[in-house]
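Read from first to last, the chains carry the letters A, B, C and D; within each, the first residue is number 1.
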Amino acid sequence: MSLDVDTQSLVGIRRDLHEHPEPGWCEFRTTAVIAERLRRLGFEVHVGPDAVELTGEERFPGEETIDRRAERAIEEGVDPDLVDRLRAGGTGVVGVLERGDGPVVGLRTDIDALDIHEAEDEDHRPAREGFRSEHAGESHACGHDGHAAIGLGVAETVAADESFDGTLKLLFQPGEEGWGGGRAMAASGHLDDVDSLLAVHLGLDLPTGTVVTGADFLTVSGFEVEFSGTSAHSAAAPHEGKNALLAASTAVQNLYAIPRHSDGETRINVGTLEAGTASNVVPGSATMSVESRGRTDELCAYVEDRMESALRGAAESHGVDVSITKRGTTISADHDPAVAGRIADAIADVEGVTDVRTHLAVPGSEDACYLIERVREHGGDGTYLLVGADLASGHHTPRFDFDENALGIAVRTLSRALAAEAAG
Amino acid sequence: MSLDVDTQSLVGIRRDLHEHPEPGWCEFRTTAVIAERLRRLGFEVHVGPDAVELTGEERFPGEETIDRRAERAIEEGVDPDLVDRLRAGGTGVVGVLERGDGPVVGLRTDIDALDIHEAEDEDHRPAREGFRSEHAGESHACGHDGHAAIGLGVAETVAADESFDGTLKLLFQPGEEGWGGGRAMAASGHLDDVDSLLAVHLGLDLPTGTVVTGADFLTVSGFEVEFSGTSAHSAAAPHEGKNALLAASTAVQNLYAIPRHSDGETRINVGTLEAGTASNVVPGSATMSVESRGRTDELCAYVEDRMESALRGAAESHGVDVSITKRGTTISADHDPAVAGRIADAIADVEGVTDVRTHLAVPGSEDACYLIERVREHGGDGTYLLVGADLASGHHTPRFDFDENALGIAVRTLSRALAAEAAG
Amino acid sequence: MSLDVDTQSLVGIRRDLHEHPEPGWCEFRTTAVIAERLRRLGFEVHVGPDAVELTGEERFPGEETIDRRAERAIEEGVDPDLVDRLRAGGTGVVGVLERGDGPVVGLRTDIDALDIHEAEDEDHRPAREGFRSEHAGESHACGHDGHAAIGLGVAETVAADESFDGTLKLLFQPGEEGWGGGRAMAASGHLDDVDSLLAVHLGLDLPTGTVVTGADFLTVSGFEVEFSGTSAHSAAAPHEGKNALLAASTAVQNLYAIPRHSDGETRINVGTLEAGTASNVVPGSATMSVESRGRTDELCAYVEDRMESALRGAAESHGVDVSITKRGTTISADHDPAVAGRIADAIADVEGVTDVRTHLAVPGSEDACYLIERVREHGGDGTYLLVGADLASGHHTPRFDFDENALGIAVRTLSRALAAEAAG
Amino acid sequence: MSLDVDTQSLVGIRRDLHEHPEPGWCEFRTTAVIAERLRRLGFEVHVGPDAVELTGEERFPGEETIDRRAERAIEEGVDPDLVDRLRAGGTGVVGVLERGDGPVVGLRTDIDALDIHEAEDEDHRPAREGFRSEHAGESHACGHDGHAAIGLGVAETVAADESFDGTLKLLFQPGEEGWGGGRAMAASGHLDDVDSLLAVHLGLDLPTGTVVTGADFLTVSGFEVEFSGTSAHSAAAPHEGKNALLAASTAVQNLYAIPRHSDGETRINVGTLEAGTASNVVPGSATMSVESRGRTDELCAYVEDRMESALRGAAESHGVDVSITKRGTTISADHDPAVAGRIADAIADVEGVTDVRTHLAVPGSEDACYLIERVREHGGDGTYLLVGADLASGHHTPRFDFDENALGIAVRTLSRALAAEAAG
């Protein structure tokens, strides 16, 4: 089995995507680039509405934002008709390569960027070496540029591997960062005949060379919260105001004070808050986005339950109304130890892999869980792999950057694992 | 009319009381000292249960505290039988002197001390000059020692004033500092035949020489608040706790954030908070005492209304219960401008009085209002006088002390005013 | 002296401005309309950069907002060249009418609208009667449309009053609502020869028919506050975050808890708060706008001092940095009782005026104080008048509307007062 | 080897201690009862100052509390001379039994009760069956009555076990509940020749029949925090106050909001808060007890670091001073997997033991860690065992009670383990 990976080419793909980051449901150029490459490698390619099926539970950027990014993609050379289709029915790509009668094996990667402005100074390698994001306020600060490059690297490797016996499905999922892309791809039907599904993430504080074959994630639920009070002139009639910002501030403090749970990890975050209209007006409204997480679905529900008390109590404290809208929940599919162990065995001697672990509880969330769940419902199984990569700065920070050597390691590891799974 | 006041004697009385401060409903020695002096001056004297009638709305110190202070009074020479009577039916004194057929005029002073430990260093005059409180943790930090001395000085002056035509009632009220003494004395019946009632306070940021003849006060309501949650081991089961201290802290912050009202002054205070049992236990209960005030009864009610929202919201925020017990309300009886003007005229040339004002809105509360209200209900009227006194430090602070020259000024002013009211 | 006011015309002007509200420094159409009318009445007219002098302490809307409103004004028929001049040098109008050798008397009105979306339902008269704001999100919710109409009504009345002996200066000030327009107009020099300056406000909880001739305002200071912490992934590395939103929430609660002051009214408001970027990121920054006020400059400084402690303490609590930028202070020029009394006498029998008061302490702020101050520095004097108007809803609320009968009363009152001042 | 345990006798001892609970450093009767029994079994007995050496880092109850409990112990029949010795030099017992030349093996149990008032109703078995605490406000709500009984049961079993070859040291440690007893017993020197030390805890959510042979604990640090501000009359001069309670409330909210750490468990608790003196006084002081914990010493230090910021920031927010006094730290000695495994093997077939686990991370803290650490410093080793017991209610709650069948299981398990360790 050949595992020769053209690292230079991987780096090239990654840097091109890095320069053109596109957040959730706006991966127009990204979708086009991936589809084009897969086609050239002989894959049967499904894009956008043929790769995902919107379920109604997705979250989308504002109309205006999507418009702007769509125009940008067209300016960057994407076919306007394709952009139109993706806008209407969703982004993302599924590539299929039939190579014999063996099992159907799948690899899911995610491809969306973040609304984070990338660091501009010379200390930041992408800036120094000229592949910094060209899109102000957006960047690949979670490494999905690398994930997409890995998917394409695996495509190339497996396409060239004559011994591969089975069907390979590569799923390039859009909108992983809280946009509900996982659910939409799970609903597409492409996973229903998959026997073994792998998913992958780079970095996550694991050094280059380390591979985890069975990662578990936190369940996460997202909420939009709106406090509605009464505006009033802050000097002339402060007593007529019902201060929505005071309610929100009370809520923020009490949300972060939700007690830890001795059964396992929990998380709470108020990611954004916006309130008020003018400095001399008692704020009559305040909106915030909140996330609860737990190591298990139960722990996440515990946080959610306490959250609701804190929100309702804050509203009552200041005589305002509160509405709580659940954006959705990303479940935490446990890995199957058998699959994790099998893959650990298969990749033990992959070049560059220095440390293999079969389990890690990751303090993050992943909607790949919906895809794995779907596969299980249809009789298959799957696991989530972590491929270590030395980082310049943590995920979701403006200076995020990773060791590109991890790209080759990931492609070799996944190609080997997929081949092994295909071989049964 | 003679207004010769024996200042030395006034200072002596004041300092003796200052050394033996007794907080509300524990004025055993104070009652005995006052009664004794009045008797010697020929007054008909009513003490304790004959001076006040408990209404059931009073607040009392703990049993143990009363015991300790009763024993102390006996050790200080008070007749044990008298102490027993006062314990059972209340403290305080009413002295009556009939001197002709003229109207019944009254003077109300208050006599209780505070639970404040008096400053001990030489910079504090009472310490330096040897009349500091002998009762650790208790002191006359509001000047009621001076008020009692003034009442006795007026007794002496009027008793010696042959031209006085009328009946003088001196009401030495117990428990003014939030204990409900005003209500109890109002209920006694002693005020029902009073035609004109004066009440007096020293200091209040007015310099020696200033007299205000019509002071208005804030309405005040007091509350005991109890949050009841669930204790739990803070490390082993923090999630099982319902944290009453977190609820109380949330409440404290939101209570002080009650909006100002553009119709007039408001106040809120959380005077005490006690919570929890041990450092490694999530606090299951918390109690606090809260006071709301307003320039008018309506403004006080506004604060109370917001207070209730803040308390209930805080409880809901943390899943605990809250009980709110109203200790009582002290109303804000408006002064009668006619009486204030009449008295201002009468005292204009009193020795030592350099500035007479007919009105001041005082940012404090006074249960003398209940006595004035009672007099009005029976066809009489009254007003509240402030007698300026330079202060070493604000009321209710450990270093409170006042210019004793104000004692003579007050006795002369009040004797003159009472004589004028008696003269019709 | 003729005081015939064409009420129908006043209402027409007011409603036209009401339909085209323009917030601070964007009063392009408003400036044009006022200038045009004054010119027709024979006034010497100074617009924009000739009416104000920017001092560098102004606050301006965002570039994009100004652009949009400038384009809108042009679409509404304003000369593009004029719009360009106003954008560059400021908005506003000064009209001068010389009518003899008498003193120079001035009237200052303000003309800017607010960023408040006007109510749309039929219960709201402007909606019902068809003169609701055509500018979404903007409205004359403080009655400056009425103020501008009053200024133009006075222009017409005085122009027609042959007995008027003196020079009339009408100052239509831009940007009163926290934008610093008062300072800029004071700096223009137009006030330096004014002997007597009047300013006016409608409504303020006074019923139609009431006029106050000496209003005092609160000193107000405005601040932009920015908390800068450290973003981090809220699930993977919450401990690496320094939460700027938690700091801001702590600050909000402690700001509103700044103690009341017994020397007089104080106010604090956090008008806006914006924090965070995404629901799964610990917020690394938060900005808010804060206002402190006091009945005197000292009381405002007291609030400011406590504010700073609360802000710095909140930052330290969460290990973040805070920067506090003072936007400016609007002073509280005390009225001159002599001027107030003189004018009260002059207007006693004006038609429609049923109640004249010489003093009111208004719980609001006004940058007219800068103009009065400037006049005083040059030897003149002035006062601030309030003209009562029944309101449908409080100032700065979406349903604000006033009794238009007040327009005629105001024009008659001010014309009479200006004539009297001109007559010496 | 005989493991016959007289369960009836164990239950008797436990219930006697349960009826006479004595919190930390007040275990006068408990010490006497244990010493007496050990002497009868032939142990060499060291009590009080001979069993512990005070290090200066202990925390003690108030003088008055100790007095009261000492008198009570004497009334309950304890020799007054012994009580005097224990008051002066500390409580606790060490019993030594030499039975051959084998290794020195030790068992540490703890014996103090808690300041928790035991439930009184019939649903609570101790009340129903007549062995409820006779000491109001104090109870064995953590099961140390059982621990002491287990120690005495082991004493009896080993004394009767002729095959036991070695020296047995039984350490009955005082003041485990935050009083620093572990440190004091470690300093005594009794552990320096111990080769293998076991410690034990009942319950902790493990069902009867389960035994854990290697428990790890959280590091915990305790702090006394005092905020010192300025009192002031809440109505007359609120602006002169520096509100220590507002500072404390701010601190409470921000302490509980200390971010979770992704490296492992952390805990924070504010166990008690006391503030203020009277309802009409701005609270000038507030004291609270705070505990930080972490799975490792580093994690505990992280919490402590954040705690300090929150406390200092809260003080600055309200212009008050804060003093932070560290009461002490209880370290988290990791168990030695070798010892845990060895003991698991030894006890596999003990009667009543149905489930043996070699490791559990307990979300609590234990100063037994100081004793194990001391043993390690001198070349020995040790481990902490958990013996499951069905509970009626959680540890540290008024309704705590445990399945007494666990007593026999514990005595058999520990006797077997000690014998095995002695056998090498």
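Rule of thumb we're sticking to: a contact is a pair of C-beta atoms (placed from the backbone, for glycine too) under 8 Å apart; a residue touches a chain by one contact, two chains touch by 3 or more.
In this text, all values refer to a predicted model and were calculated from it rather than measured experimentally.
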Comparison of A-B and B-C (more C-beta pairs in contact): A-B
From subunit B, the most remote chain by mean C-alpha position: A
Cα-centroid distance, subunit B relative to subunit C, in whole angstrom: 46
Chain centre separation in whole Å, for subunit B relative to subunit A (CA means): 67
Numbers and ranges of subunit C residues touching at least 2 other chains: 235-238, 243, 246, 250, 253-254, 256-257, 259-260, 262, 267, 282, 363
Subunit C - residues contacting subunit B, complex: 253-254, 256-257, 259-260, 262, 265-267, 363
Of all residues in subunit B, those that touch subunit A in their complex: 235-239, 241, 243, 246, 250, 253-254, 257, 259-263, 282, 302, 306, 309-310, 312-319
Subunit B residues touching subunit D - in the complex, by the definition given at the top: 114-116, 177-178, 204-205, 218, 220, 222, 231-238, 240, 243, 245-246, 248-250, 252-253, 256, 267, 269-283, 286, 289-291, 293, 362-365, 394-398
